[in-house]
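What follows is chain A paired twice: with chain B in the first complex and chain C in the second.
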Partner chain A sequence: MARLIRTEKEVEGRFEEVWIVVEEDPLEQWPEGPLSVVGRDAPRQDGSLRVRGEARYTADIKLPGMLHAAVLRSPHAHARVQRIDLAPALALPGVRAAIGPGEANGLEEEAGWAGAPVAAVAADTFAQARAAVEAVDVEWEELEVVLDPEDAVRRGLVTGEARRSERGDVDRAFAEADVIVEGTYRTQTVLHNSLETHQAICEWQGDTLHVYISTQYIWGIRQEVAETLGMPEDKVRVVCEFMGGGFGAKNSPDEYTFAAAELARRTGRPVRCALTRHEEHTSAGNRNSTIQRLRAAARSDGTILALEGEFFNSVGWSGWSSPTEGPMRALYACDNVRTVTHAAKLNAPPMKAFRAPGFAEGTFGLECLIEDLAARLEIDPLELRRSNYAESNEGTPYSSKNLEECYRLAEPHWERRHEVRARSDAVWKRGVGMASQIWYGGGGPPSYAWVRLGSDGRATVITAMQDIGTGTRTAMAQIAAEELRVPLEKVDVVLGDSARGPYASISAGSSTTPSMGPAVRAAAADAREQIEDIAEQRGLPKNTPVEEVVGLLEEAQILGKGARGPNPTGMSVLTFGVHVVEVAVDVETGEVRVERVAAIHDVGRIINPLGASSQVEGGVIQGIGHTLSEERLLDPETGRVLTTSLDAYRMPTIADVPEIVCEFVDKPDEHLTNLGSKGLGEPPIVPIAAAIANAIRDATGAEVHELPISREEMLRALEAAKEKERRGAPAAV
Partner chain B sequence: MSEVRLTVNGGEHVIDVPVGASLAHVLREELGLTGTKIACNEGHCGACTVQIDGVPRLSCIMLAHTVEGEVTTIEGLREHPLVDAFVRADAVQCGFCTPGQVVSAAALVAANPEPTREEIRHAMAGNICRCGTYPKIEEAILSWQD
Partner chain C sequence: MELLRPSSVEELDGGVPVHGGTEVVPLLREGLLAAETLVDVRGLVPRGTRDGVIGAGTTLAELEVDPSIPSALREACRLAASPQLRNMGSLGGNLLQATRCWYWRLGYPCRLHGGDRCHARDGEHREHAIFANGFCASAHPSDVAAALVALGARLRTNRRELAIEELYRLPDEDDRRTTTLEDGELILEVELPSVQASVYLKAMDRRRWSFPQVGVAAARVGSETRIALAGVAPIPWRIESAEDLDKVTPLPRTEWKVPLAQALVRRALAAVD
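Let's look at the complex of A and B:
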């Protein structure tokens, strides 16, 4: 039964109150622990297609008569088009159409960053389109370039109002504290760098626009394209069967889609618009840099009395202000917390969500500060974290929280620190550090799935979701197989096409499994009930194998449908975890090597332990890149991106990977849906930077305050530690 | 346009392509072999890796007209035991880099059927995987003969 409810919807830590129609979710959860299919390792169902190079990505689609588009981008970080002449571009060989500012959404006269889209050309080949873009004649009026976030905030150059939160009496708590620690932490801008660049192919058939796009959100693309072009949503079909990575950057259509749609309309031919790697670095989004000024107050027994933070998000020309203050507000029990988060509008490329936006950055600052507090209090860092355990989320009960169990699982890894330190020598110092993780990941309604069974005994799950590489097809097949009581290999999953399946959730915010899984299970349960009904009518026992019953169907089919039920009201659905990291630091050169990572997470029921371990490893490795080597650099004068290649922008390779141990609490959240599963894509990237920094501190005494921990930053921190030792550690406040 | 002769996965091809076209472009656009991916188009990421006479090469920065020797792409390695090893080990997430990984790995195990972890890390360091499947890739290559 559907009913209309008013509920809070969360994506990537952003909440909004919405009215939605939800369906009741009457299914009991399965018992805890591995079942027949769910909770057991399953290799990816589409693994072979991907490995053999048969999977068809947007980059591989070639429609008859397809043209190629290129985008003209501003060479200036802030400028206005005074005059633009597309005629020289149109005169070149192979060029079929050209559009300028205002002729497609995203192409604008005012360029707010170096790389902002201004015009686009479609030609027979991409090389011709690129040449034509170069030929466009533009006269620019250069405007003032603002790149310093604190300066921008002082001057009121912001993308939105500062976000403020306060509970308790922070000033009084600081006045009464035994110990106060404070520090300024900085995180850099990092790039998603999905290996398949942002791209779309648009084709008009009659009044329907077909959009083939590398995306994390088929239905979001459909909605935004339809709204922007003033079309009914059902006249936009969005297709994404396989996509080559997103990490948060592919949730919206953007200029490449709108330019392709308009150029396709003008030429009457399909148009591909694909970003180059360099454009990916200048114009496709980033995890924005932050500055975090943090303070903590505690009693000498280790009770955290107050936390205070001022956060500067360098949002860029556009984007949203991610919840960098989130961990400070939510990770620990603390009655007195005050935060303010500024959103600086800069002449720099716009931010886009990147794997736990805000929380990855904020956890670095907070968990380094907590380590500092532990050192000052001379309390074991694990003990300090345990003794400030939050029992509710600012008064709201958790739907489930097993962080204590994560800490218990962390103990043997934490115990290794004595042995690890003992392996230090004169040059290589070794140590162990930890950091806790809190993040969202509960998903939510609406989401729907259908299940179809025929007389061949095979089941097909149909839903218009996307698999962004996280193993979604396989997890959904496992859930359906479990509920239908059929072997996994008898279940196929059809997804990736808005015209061929019901509405499905975004694949962002660690929401795919918790949003889609319950809908798939409900659809499979609906089908199973019909099968049991048929069995009963035939006088067969209730436990007759599904294959036997559907074998009687001939051309008839069983069609099940299912919907995602509501999240529990009045409860906070969050994910938790802890990382324990071992590092070695060369104190002469500042080289840091991560040698071992134990990643322990509480995300409810695990559907596919094999796929889950891959998610954790991937998050940890990406996080190691963010911590040690990755940084998008801007020219401080011109605002142009200096790191436009994968040579200059250094991501981890196989040679940089430490031993990674993954452990899960694997306890279903009894309040969350018929599955009890939360999401896992983002949690593993949240604590890794702080855990590495804390391990470095354990190894060397050096306190790093900036990401990436380059050799320069490492040597600075080592020098500062030596200086501090010479002066003698300051007394407690 | 100028004629180019290529031997790809055992088949002979004589085609007209513009001077300056990369091997990756020709494989994908002219021969329809889209298993070879282009991710950076400047020789930094390894997604476009093919073998030339068994040696891994970056096809996105190799001019088609300069190719000497037999080209092997992922399409020519689909029956290689490494494919199953990658699937079994879950050494694939989004999969965009994976064909290139398999091509590099196939060259490695042809030369050295039982590589050590260190040898794997050395041979595979030119193939970037942004999803971070590296531990599983290592496992797949260690167990490819199982």
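Let's look at the complex of A and C:
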């Protein structure tokens, strides 16, 4: 039965109070451990489609008569359009329509960063559209460019008020401490670089707008497009069957969708607007850079007395201020914590959520600081982390927390440090480091699924969710197969189309499995109960196989429906983990090699261990790029992006990937839904940077304070460590 | 655009020569190179190795597994680019690569583009030069060129024979080019002297598919030990000895390349000793 509740909704660490209708979740959780299908390795159901090139991504869709759009972008980091003339573009061959500032959402007169969208053109070919964009005549008034975040905050140039939090008496705790450590940590701007660039195709059929889009949130696109265009939501159909990655940057429609919709309306033809790789680097979002000034106070027995942090988020021209202070507030038991987080408004490309926004950055600073504290206290870093274990989230009980178990699983990996260090030689120094992980990932209502069974004994799960490439189809099929007690190969999953299924969750904030999984199980249970009912009426034994019962149906079908129940009230639903990393550092050339990563995570019940380990590997590899080689650079004079290509912006190659050992606590969260599963998309990127930095420190004594740990930063830190040693203070090896 | 496929060097008449296309095609796509006519020179440039003479049309992939060539060249090929690019890219084309300087690539009106300032010097220059960077701070990207300079290679073109060092020139106020190759001139063959020992060491910011932050080639040729560097000057840069690294003129954010170059030169010299 449905009921109305007031609940706190969380996405990517942003909370809001909302009234929602939720349905009861009366199903009991399955017993712990691997079941018949759930908890066992299942290869991706769509794997062969993808590798054979048969999966149809948005980039593959070619509609009859489709036009191609290109976007005119500001060459200036801050400027206003004084005059714009689209006529020269319209006069070029193949050009069908052109729109300027104010004619589609996102096209604006004031450009707040180099790459801001200003106008758009649709033509028969993409090359014609590009040539036409070049021909648009614009007179710009150039405005002041602000790129320094601390300068911006001083001058009050912010995207919002500073966020402050305080508990206990921080000043007194620092005054009474035996040991105080402090440090300034910086993290860089990095790019999502999804394989498939941001893109949409819009087509009008009567008064209905069909939007084919590479997105993480089909229903969010539907809502935002309908609201912006003043249409009923049911007149907007959104389709995304396969997508080539999002990582947080594809939660909203943005200018490319609105431009395509308007150009399609004007021309009466389908219009595709796809960003180029260059635009992907200038105008599609990023993980913002941060500056973190941190302090910690402790007693000599290792008790953390106080933590304090001032954080600067370089949000860019727009966007939101991610919870960089989150790990400092939540990871350790500490009575006295004070944080302030500034949101600098700069003439730089706007941030977008990027895999654990704020926490990936904040964990680097905090966990390097804790390592520093361990060195000062001469306490084993694992021991220090254990002795400051948080038993509640600032007083709120956890729905489940098995970080202690993660630490126990980490022990054998941590023990390897003696043997790893012993393999050092004069040039290559080896060491082991660790860092803990905390993040959200509980998902929430609403989300719905249907299950249909026919007399052929096959089941189809229907829900208008998206699979952003994480193996969602397979996990949902496993849950349905388990509940229906049918083999996995008898379950199909239909998703990716708002016209072909009920509302489904956003795939962000590690929420897909914990939001959708319980709804799919509930729908399958509804179907199973109907089947048992039929069996009973036919006088068949209760355990009669499903195929046998539905075999009696002829044209009739069993239709089950399910909804995601509420999250537990008065509890914090969080994910936990720890990484133990082994590195080798060439102390003469500053080369850093990550040789082994043990990634241990507590995310409740694991649905598909094979898919889960893929998620962890992906997070670790993306995190290695964040830690060692990736950085988006701006020209300090013009504010333009300099790293616009994949040779200037360096992501890890397969040769950079170390041995990755994945382990899961795999214990259902008894308070969370009928599954007890949390999300795993983001946790594996959270601790990797700090764990690498701490391993470098273990290997060499060098303290790195900046990401990426380029050769420049590594050689600087090695030199500083040598200098420290020369001055007599022993480097912390 | 037209594509010509002449059957002899004599038929060459203008146009932009293209061999593997790994350099020319991206430059055309980015609008950094304008061409009405492309000339496919694969039929004109010799391919393969014999008696210490390497056809300039030999691919990097062929050279990286060729036991008859010195290890500095083999390593320089193996550590360059990606397998796909090495399958296409030719030895001659590799020597003529344009810089990866982002200001040049993005079309800033810099000195290499005929402008009146070097944007990198005042701007973002962490990947740039530590030698000869007063006029233009770009860094030469070719691993193979540094290896050939250290090896003392000679080039034969359709017009002349020259030492590889004569192929390169520093850009200046009057002439912004970084090579001396004339219009219509094609590199046909590369001749290597007999070498006792050679090595190429390369620092990258990831394990593969990266241009050199610093590349160091060293070769023992007769009684002489020759050292050349990639990624440190607008052209491949020869130094006489390790002490020459004291004469660097790094920019604020390229200072880190100096200890890196020193370490690699030390190792390279030890390897050929």
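We take it that the second predicted complex is superposed on the first by the 729 of 733 C-alpha atoms of A that agree within 3 Å, B and C clash if a C-alpha of one lies under 4 Å from a C-alpha of the other, contacts with A are read in each partner's own complex, and residues count from 1 in each chain.
Everything below uses one rule, namely that contacts are C-beta pairs under 8 Å (C-beta built on N, C-alpha and C of every residue); 3 or more make two chains touch, one makes a residue touch a chain.
Keep in mind the model is a prediction, meaning the values are calculated, not measured.
Residue contacts after overlaying the shared chain place A:A655 against chain B and chain C alike. Note on chain A: of its two partners chain C and chain B, the one contacting more of its residues is B.
When the shared chain is aligned, chain B and chain C each come close enough to touch A:S645.
Contacts of A:R711 after superposition on the shared chain: chain C is touched, whereas chain B is not.
By the touch criterion defined above, A:P636 reaches chain C but does not reach chain B.
By the document's definition of touching, neither partner reaches A:A422: not chain B, not chain C.
In the superposition on chain A, A:M243 makes contact with chain B only, not with chain C.
Once the two complexes are overlaid on the shared chain, A:L4 sits clear of chain B and of chain C alike. Chain A residues in contact with chain B (one complex) as well as with chain C (other complex) are 645, 647, 652-653, 655.
Those residues of chain B that touch chain A in the shared complex are 18, 28-29, 34-42, 44-45, 47, 73-75, 78, 83-84, 86-88, 90-99, 102, 120-122, 124-138.
The touching residues of chain A, counted against chain B in their complex, run 43-44, 46-57, 59-60, 62, 127, 192-197, 242-245, 247, 276-277, 468-471, 610-611, 613-614, 617-622, 645-647, 651-655, 657, 660. Interface of chain C with chain A (complex): residues 100, 102-103, 105-106, 119, 122-124, 126, 203, 205-211, 213, 253, 256, 259-260, 263-264, 266-267.
Those residues of chain A that touch chain C in the shared complex are 588-591, 593, 628-629, 633-637, 640, 642-645, 647-648, 650, 652-653, 655-656, 710-712, 715-716, 719.
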